[in-house]
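Some structures are shown below for you to check.
Consider the two complexes below, in which subunit A is the common component and subunit B and subunit C are the respective partners.
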Partner chain A sequence: MKSLAFIVTVITGVLLIYATADFPDWGDPSSPASLHVSPRYIEKTVEETGVPNMVTSVLADYRGYDTLFETTVIFTAGITAVMLIRRPRK
Partner chain B sequence: METIEFIIGKYNYWVYIILMMIGFYAMIGKRNLVKKLMGMNIFQWAIILYYVSIASKKGGATIPIIQNGHGEVTHAIEAAQYLNPLPHVLMLTAIVVGVSTTGVALALIIMIYRRFHTLEEDEIIDMLRATKK
Partner chain C sequence: MITPLENIIIKTICRLLIPFIQLFGLYVIAHGHGSPGGGFQGGCILAASFMLVVVAFDLPEAKRRFSEKMNNIFSSLGVFIYAWTGWMCLLLGANFLDYGILSKILPVNPVMARYYGMFSIEVGVGITVMAIMVSLFLDLVTGGKHEEALDE
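Our next item is the complex of A and B:
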């Protein structure tokens, strides 16, 4: 069973490493991730939000609702943990 | 020369893939539930590191904070000057979800230990089969 798991792991890893040949180089300034969506956020963030830190402005302004309901996720997880652990013992 | 450039350009992805496969093997190959959970966390962190590495830009780009950005900003802001902020933000969200899942999983593991007095998966399955018959 363990050898089967090891073989599956090695096959998956080799497939993933084979796929990296098509990836852009590390830190390439003309990679698709840094050309398409992010320049708009970098250039407009001070004009639209007035926050110099782009991570903060995206987190709390552009994606404000996402961050707001992120607290719901933590709350649900905390309630679940409390309900699981504090069940009365028989 | 071309092989060296190829390795320098891609080795960060290989490090993350190796880390991810360590986590994957721990998830499917180990029998202890805590070790499985640790494998899941290593897997998550490999993906998070991969996304953060996507954000990097060579050629003089700095951290994603606008220089002299308080007050009136009159100077031009070029996208090539700053790192890509979006992967950092999305991974902040992913870290929060990861912490929540880890907490719930640890609570479940505590309950499993209280009921079966073991964390080995095969022993738990044997006990469940014995109670069924």
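Our next item is the complex of A and C:
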């Protein structure tokens, strides 16, 4: 059973490494990620949102929904930690 | 456990240093649009200033300045501010978190309304991160027993 798991792991690893050969090169300007929404963010950030910082405009405006629930995750995790650890004096 | 520290040098230096750390934290939150920074980083800096109070003074003194109840209120207030910025846009007739519509209630054009919408959510993120960091620090450093922390 252990050798079977080893063989499955090796085959999966080889397949994954083989698949990385099809990835676009690092920083390739014609890769799908650079062609779809990135040019819009780079060209229109100042015009559309008025902030000079592209990172903030993506984080807080174009991807605002994501950041809302990032904040909610921090809030929920913190409240859970307080509920589990805190022992008030009776 | 936290032992009270009777060292006049540390206390004086921290008393001088803490306002500047908090000012820097507020700067990082408020200027997160134009420079590296934002709510998460600024909230952590504000929380660090509070941790310095706990380390330099003691826990009851720190909790007298920023009580546990206030801390819990602040941790939910940040998410409240963020979500209500989104809801305001929804109530004014745009999509959720589409800040351009806030120009109806703010005296600015839609582009600058997006700017101030982003500022508002950064403030919300900063408040939540600060309060959660402080409460995590206090609970972990005392094992959840704030009141008994100085007894032993």
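One rule holds in what follows: the second predicted complex is superposed on the first by the 72 of 90 C-alpha atoms of A that agree within 3 Å, B and C clash if a C-alpha of one lies under 4 Å from a C-alpha of the other, contacts with A are read in each partner's own complex, and residues count from 1 in each chain.
Simple rule for what comes next: contacts are C-beta pairs under 8 Å (C-beta built on N, C-alpha and C of every residue); 3 or more make two chains touch, one makes a residue touch a chain.
None of these values were measured; they are calculated from a predicted model.
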| item | value |
| --- | --- |
| Fit or clash between subunit C and subunit B when superposed on subunit A | fit |
| Touched partner set for A:I85, first subunit B, second subunit C, both or neither | both |
| Contacts of A:A33 with subunit B and subunit C, given as first, second, both or neither | first |
| First, second, both or neither for A:D61, with subunit B first and subunit C second | second |
| Which superposed partner A:T72 touches (first subunit B, second subunit C, both, neither) | second |
| Touching partner for A:T49 - first (subunit B), second (subunit C), both, neither | second |
| Partner contacting more residues of subunit A (subunit B vs subunit C) | B |
| Subunit C versus subunit B - closest C-alpha approach in the superposed model, Å | 8 |
| On subunit A, positions contacted by subunit B and by subunit C | 47, 51-53, 55, 59, 67, 74, 77-78, 81, 85, 87, 89 |
| Subunit B-facing residues of subunit A, complex | 1-2, 5-6, 8-10, 12-13, 16-17, 20-21, 23, 25-29, 31, 33-34, 37-39, 41-43, 45-47, 51-55, 58-59, 63, 66-67, 70, 73-74, 76-78, 80-81, 84-85, 87, 89 |
| Residues of subunit A defined as touching subunit C within the complex | 47-53, 55-57, 59-61, 64-65, 67-68, 71-72, 74-75, 77-79, 81-82, 85-89 |
| For the subunit B and subunit A complex, residues of the former touching the latter | 8-14, 17-18, 20-21, 24-25, 28-29, 53-59, 61, 64-66, 69-70, 73, 77-80, 82, 84-89, 92-93, 96-97, 99-101, 103-104, 106-108, 110-111, 114 |
| Interface residues, subunit C side, partner subunit A - complex | 32-36, 38-39, 72, 75-76, 78-79, 82-83, 86, 96-97, 99, 111-112, 114-115, 117-118, 121-122, 124-125, 128-129, 131-132, 135-136, 139-140, 143-148 |
